[in-house]
Each structure stands twice: as C-alpha cells, then as structure tokens.
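There are structures below to look over.
Look at the two complexes coming up: chain A is in both, with chain B in one and chain C in the other.
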Partner chain A sequence: MNEKILIYGGLFVFCAVVTFPFWYNLGNASVAPEILLSAAAKEAQTCVADKSYMKNQHMQILNIWREDVVRQGTRSFQGMNGKMYTMSLSSGKDSCMGCHTNRSQFCDRCHTYASVNPYCWDCHITPKEIN
Partner chain B sequence: MEDKYKFAGIAIIVLCCFPLVCIKFLGMRYVFGVLIPYTALSIFLLGFISKVIGWSMSAVPFRIPTTCGQQESLPWIKANKIDCPFTKKGVVIRMLLEIFAFRSLFRNTKFSMDKNGPKMTFSWELWLWVFALAFHYSFLTVIIRHMRFFTDPIPLCITIVEKLDGILQIGLPGIFISGFVLLGAICFLFLRRIMIPQVRYISLAADYFPLLLIIAIVLSGMYMRYISKVDVVGIKSFTMGLVMFKPVIPDTISVMFYIHLFLVCTLLVYFPFSKLMHMGGIFLSPTRNLTCDTRQKRHINPWNYPVKVHTYEEYEDDFREKMIEAGLPVEKES
Partner chain C sequence: MENTRRNFLKIAGISALGFGVGSLVSATTQVEHEVAPTQQPAEHNTEKLPEPKPVENVKSESSTQSAVKTAGRWGMAIYTSKLTEPIRKKIISACHVTHNVPHMENKRHEIKWIWEEPYTHAFPENEHEYIDEKTHTQPFLTLCNHCNNPPCVRACPTKATFQRADGIVLMDFHRCIGCRFCMAACPYGSRSFNFRDPRPFISQLNMDFPTRMKGVVEKCNFCAERLEMGKMPACVEVSEGTIVFGDLHDPNSEIRHILKESYTIQRKQNLGTMPSVYYIV
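On to the complex of A and B.
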C-alpha cells in the first residue's frame, strides 16, 4: 500500500509538471505586443527591407552590419528600396535608432515578450539617454 | 533484418511530408495547429497515467537481489551499501544515482575476442553512458528553454537557463549549446545502432524510429532558428493561445513550424506506447527500487494459499498392505 501512495504521488507530480503552462498562465492576460512606430519612422515609410523580412531577419542584418563596420570599415548600405543608409545602430539620423527612436516601445516590446535578450546595449546606448 | 532503420526512415519522411502537403495544398492550419496538438497531449497524459497505473497493479511478491555488490550478511563481510542496499536510505541513493546519473549504463561493457589469442574479454565501454547523459540533459534543457513560448510573464528560472545556454554569444540569433549537444548525442546514438554489428542485429524499427524522430524534430527546430528564421512573436501568440485555450492562428507562421509541431505531437502520441516509457519505468524498476534484505527478512508471497499436503506417512497409511505384499520396506508395520 505504501508503494502505491508513492507511485500515485509521483504520477501526480508528473502531471502537474507536464501541465505547467496551462495552470501557470491562469489569470494572466497574455496579449501579443503591438509595436509603436515613432514619428520619424512613420515619415520615412520604408525601412532598409520590407516589413516581414525585417521582422524575422533584422538580427541577421545587424550581425552582418557589425561585421562589415568593425572588420571591413564599410559604413554604407544600400537598402532594398535603393536608398543608401549608414550602417549603424545608434548614431546619426539614418541609423536604425535614428528612425526607431524609442527603444522601449519598439525593440523591447517583442524582445521581452519572446524572452530575447540581445546584447546590443551592452555596448550601444540609446540616443535619448545621451541627452 | 538488416534494414529496419529504413522502415523508420521512411516513416519519418512520410510524417514530415504529411503536414507539408496538408497545409500547403489543403490549408489545414486549424487541424495541425489546434486539434492535433490538443489530441496528442491528451493521449500522452492519459496513456502515461494508464501505463503507470497498470504497472502499479502488478504484483511484487519478492525482492530481486540481482545486484552489483556484496549483500549485507555477516558482520565481517564488507557489504556494499549502495549497490546492494538493505536499508531504505541506500535504496533512495541507488535510485537517485540511477535517475540522475544513469548508473546502470555506466557499467556498460563491450565483449570482444582478445587479439593475442582465443580469449574472450570484456572491456569497459563508456561512450554510451557519456552520450546518453549528454542527450538526456540537453533534451531537458531544450524543453525548459521552450517554456519561454508557453509562459507569459516568463519565470526567472527559465530565463536563467536560456542565458546560460546561450552563454557563447556566437552569431545572431545566438547559438544555444544544448541544441548542438542534443543533435550530436542523438546522432551518436543512431550511428551506434547502425555501425556496431551486434547492436544493429538486435535493433528493431522501434529502436530507430524515436531516434530518427528526435533528429527530425531537432533539425526542423534548428532550421527555423538558425537558417530560415520565423516570426517568433507570431508563434508565441499562437502557443500562448493554445495554453490559454483561446487558440489563434496567425498567417505569418511558416510551414516548417507546423512540421516541427506535428513531429512533436507524433513523439507525444508515440511516447506512452513505446520504449520511451522508460521515463516512468525507471522509477518502477524492481531490481533498483527494492531493498535487498532477503537475508534479514522473510518475504512471503502475499497471495500464498494453504496448500494441501500429502505426507509420506499418510501415503504409507494408504498403501501399507499393498507395499508389504509387494515386499517394499515400510516405516511402520501395520
């Protein structure tokens, strides 16, 4: 009889662990984040590539840019719309954050939601923080 | 006999193509995104529970002292307290070592003929244990990491596991160590079955199938993270919908995600009815979880019934005259 209590207790713990996401989220209202575009971004209308590409692949572009700037010294990038951009995350008007000025409303919303912790800001500081 | 892995391989290819065709051409996103995952999880849970309950009903009439150490006997003979435990504490230690460190696998040996002559030798074969550990722990890490898609807000412990896993900070999105360890270890376990003739001889399609299935799951997951890139926020809103019973299906999710999901569902359904149930079975292995106290305690079969015995004396009473007549010796004369 003693063993049965152990077995069923263990089974109960197992079920609790497996169903963890179901009871953990009870009462939480999880809503997919909405990105707020800054005035500058709305005005520019297009980014260096189209929206869905940027949504999925922006980290790869940033990684290539970093490589190009730091190792090769190239600083200009031709966007998919033909326009030239400065390859920079945070300095200058046509850098990423020149347009997407608000980090917490643009970058962090999705990153926090998907638990992504990019180390961009280990080195870069957001432009607003300078003022 | 020789090509059982081909059956398993074909099965995996069919399983990968199934959602591909159904979603690309028939648009069955709701079936693959909502119905199949819920069904799979229910089958997994109910199957697991019924298996374990079934096992809990089975009789354990006696101890099985198939041990790897000296049993407790006379005071001057040194007993092995963990490998042949005669106390509950010893059993707990043995079980913990078995569950967390796969101690039985650690004793894995390889049999071969000696080079120098016709002599059989058993050598210690450690690789299976090493890769089994690597496989199980990296798989656990991957599963814990995936909880970031199923929780909002994400608990700190999951974030910590994720941070440690991505500590190398190579590439963007950064590589996770566990994914690569998992792929390497499972490929070793698969190649081991193919390359070693003896192991290949005893391997069945049911041995190859889970290995190939997990390889396919890992590859489809890695493909999404490192090569094709997917709409992670869209996927999280989908997975959160599932766990909150408010399913939503964003259009931005690629077919590769459905293949990944469908393979995971296959694994869940397959789990309770296959060798993968060693997950629950390891806790119930009678050679590991029973005390070896056969010399201290008498274990009587619990369902023993009183057996009617016919002693020799009674036998002689029955046949005495006939025995004397036939000249057979009897113990009691009349």
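On to the complex of A and C.
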C-alpha cells in the first residue's frame, strides 16, 4: 500500500513539474500584434505573393532571393501577380523595404511577438534610419 | 498470446492495408493542393515555393546603359603612371562611398577595398636596390585581384567566398562565419575583418548597398551589383580613363588591346593565383 502512495505521489509531482510552464503562464498570453501597412504598401495592394503565403513563407522567399542574387546574379523576380520585382530586401523602390517602409510597425512587431531575432538589419539598411 | 503463423499473417495484412490507405490519403491531398493552392488554408501551404522566374530581358530594356553585362572573365588594367593623387583619392572615395566601407582611425581595424600601396609592398619580388626613383616612390592602387585561381575560395570552409562564372571572386556576407582563413590565404592582403560594428564609422550611408556587421570579412567585389545593372565599376567610372575594365576572354575588348600593346605587371604572379588585375607601369 505504501508503494501505491509513493508511485501516485511521484507521478503527481512529475506531472506538475513537467507542465509547470503551461499552467504558470495560463491566462498570460499576450495579444497578437497588429501589423500596420505603410502608405506605399497599401497603395500597391499586392505583394510578390499572396498574403497568407507571405505571412508564413517570407523567410523562405528571402532565402531563395539571397541565393539567386548573390550566387546567380539574377535580380528580377516575377511575382504571383505577374509583376516584375527587384529581388532585394533593402535596395531601391521596389525592394521589400522600399514598399514596407515602416520596419518597426511591420517587421518588428511580429518578430518581437514570435521572439525571433533575424539579423537582416545588422547589414541591410532600413529606410527609417535616414530620418 | 503465442505467435503463430496465422497471427503474423493477420498483423502483416492489416499493416499493409494501413500503409496503403496512408499513402492514398497523402496522394489525394497533394492533388487537391496542386489544383487549388490559393484555397488551401495557410498552414497547408508550406511545401511549395514559387519558383523565382528571372527574366533577363526586362533589365536590359529598362536600363539606359548599353555597357556589357556579362563576360567570360572580368579583368582590370591600371595605368599607374597616369594616376595622379587627386584621381587616386577620388577613386578610393567613390569605391568606399558606394559600398559603405567604414573609415577606421585605428589602423588595426582598417577596412580596405581599394587602397594605396608603395611598390615595395605591392610588388615585393620585383624590388631591387637600384630601382628607379619614380617607380619606387609612386603609390600603386591595390585591390582584390579576383584571381583566376583564388586561394581564398579554397580556404573558405563555408563557401561564403566563391568564384562566379565571370571570374569575379565574390562573398556571400550572410554566410561568412568570420574564421579569417581567407585572410590568411590571400597573398595580397585584400581582405579586411570587421573587428567592430562598422556602421558608426560610415560617414555617408549609401542606402542601396548593405553595410557589413561585426565578425565578417569583406573585400572588393568588382562592383558585381553595378555590372548587373550594365554600369562600370565605381572606380572605373571616376578614374578619368586611368583604369580600364573589360572582358579578358574577348580578344576584341579594349582591355585585351591594351594588354597586347603595353608591358604589364601583376602582383605576386609567381604564386600562381593568376590575378585579373594588371598594372601598366
């Protein structure tokens, strides 16, 4: 009988410890950030791919672009809307940052919420920095 | 339960059925996915990436410059004696402004893409004790030689440094881990390491070119980004004709004519790196 108490007691303690992060943070979930579009992005209406795709896969696109620009030397990209874009994060008007000029409201909000720290801006210059 | 042949066959049959159903399900979902990719919920839309479709004609149509974009092997010839001090300064400044090269006061942190070097340092094996005054005192413009047999490319453990089909030895700064093997391998000192974050030391930011970050090696890129737009390298553009740039594989190019007519020297040619930069002394 003593073993029964030990086993169940131990199991309880184990479960409590393992699930600690879940119940400790219960009800503390922060609100999903609101992403603001810049005036230029609103005007353009479409991105290089549709919104849901960009939401999930923009890092993959950037990775492919980086490979293409640096290694293959190609810089033109046909978006899903058929329009041609320059494959660039930060150079020129039709680059990512050329349209999404508000990094802090567009990129950073989501990145901070998701706790990711991309090192894009260690080198790439955001338009904001000139002001 | 004892394992009998009968039981084994039963389990095997059920498993085979299970596998079959599983693959059938995945096959049908894939078909659906291909038929209507946009109607799929976002989280299912993960496997397929749109293929980048580079269109080469678009650029050349829109660009007003008609200069060559591609080459078998890019090369450079420098008229050293025509390079006056103001021109040299202009060239260095044009290069460094174009590529956001920081100006470091501390010599040990210096970042160099194109810089001046005395004959003794640039061509150590050509130096002798009675060398003529002019050659001895005149500064030479030195930069990455974009070797045809680049030792830095062989040394790079991450393939951050690579040689393009057009001969340019280029760096993928994203990929550089800062091990500095390339710096040890380069016999020309053409590579610099960012010991500090370079951004505060850039006086004039060029928004169209990224800076580098701390812990990354950098060097001249033969203005690969300008060549793609049909422009000549920044140094050539401001050189007032003292630097000639062109395709070494094209026998009719200007640079080949110059190489045919004039006596040229190269830096540390005996090392077998086959530099693409020629000096007309």
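Everything that follows uses one rule, which is that the second predicted complex is superposed on the first by the 101 of 131 C-alpha atoms of A that agree within 3 Å, B and C clash if a C-alpha of one lies under 4 Å from a C-alpha of the other, contacts with A are read in each partner's own complex, and residues count from 1 in each chain.
In the analysis below, a residue touches a chain if its C-beta (ideal position, glycine included) is under 8 Å from a C-beta of that chain, and two chains touch if they have at least 3 such contacts.
These numbers come from a predicted model, not from an experiment.
*Asks:* Return first, second, both or neither, reflecting whether A:119 touches chain B, chain C, both chains, or no partner chain.
*Replies:* After superposition on chain A, A:119 lies in contact with both partners, chain B and chain C.
*Asks:* Identify the partner contact of A:15: answer first if only chain B is touched, second if only chain C is, both if each is, neither if none is.
*Replies:* A:15 contacts chain B only, not chain C.
*Asks:* Between chain B and chain C, whom does A:45 touch in the aligned arrangement: first, second, both, or neither?
*Replies:* neither
*Asks:* Output check: A:65 vs chain B and chain C. Expected answer is one of first, second, both, neither. What do you get?
*Replies:* second
*Asks:* Considering only touches as defined above, state whether A:2 meets chain B (first), chain C (second), both or neither.
*Replies:* In the superposition, A:2 touches no partner, neither chain B nor chain C.
*Asks:* Which partner does A:56 contact after superposing on A: first (chain B), second (chain C), both, neither?
*Replies:* In the superposition, A:56 contacts both chain B and chain C.
*Asks:* With both complexes superposed on chain A, which partner does A:30 reach: first (chain B), second (chain C), both or neither?
*Replies:* Touch status of A:30: first partner only.
*Asks:* Thinking of the overlay built on chain A, is A:110 touched by chain B (first), by chain C (second), by both, or by neither?
*Replies:* A:110: touches chain B, not chain C.
*Asks:* Considering each complex separately, which residues of chain A are in contact with chain B in the first and with chain C in the second?
*Replies:* On chain A, the overlap between the chain B and chain C contacts is residues 52, 55-57, 60, 119.
*Asks:* Taking the complex as given, what residues does chain A use to touch chain B?
*Replies:* Chain A reaches chain B through residues 3-4, 7-8, 10-11, 14-15, 18-22, 24-25, 28, 30, 32-33, 52, 55-57, 59-60, 62-63, 110, 113-119.
*Asks:* Inside the complex, what are the residues of chain B that reach chain A?
*Replies:* Its residues touching chain A are 41, 44-45, 48-49, 52-53, 55-56, 60, 147-155, 158-159, 162-163, 169, 171-173, 229-234, 236-237, 240, 243-244, 252, 280, 283-284.
*Asks:* Mind listing the chain C positions that touch chain A in their complex?
*Replies:* Listed in rising order, the residues of chain C that touch chain A are 38, 41-43, 45-46, 49-50, 52-56, 58-59, 162, 164, 166, 170, 172-174, 205, 207-213, 224, 228.
*Asks:* Which positions of chain A touch chain C when the two form their complex?
*Replies:* Per the touch definition, chain A meets chain C at residues 49-50, 52-53, 55-57, 60-61, 64-66, 68, 70-78, 80, 84, 87, 90-92, 119, 122-125, 127, 129-130.
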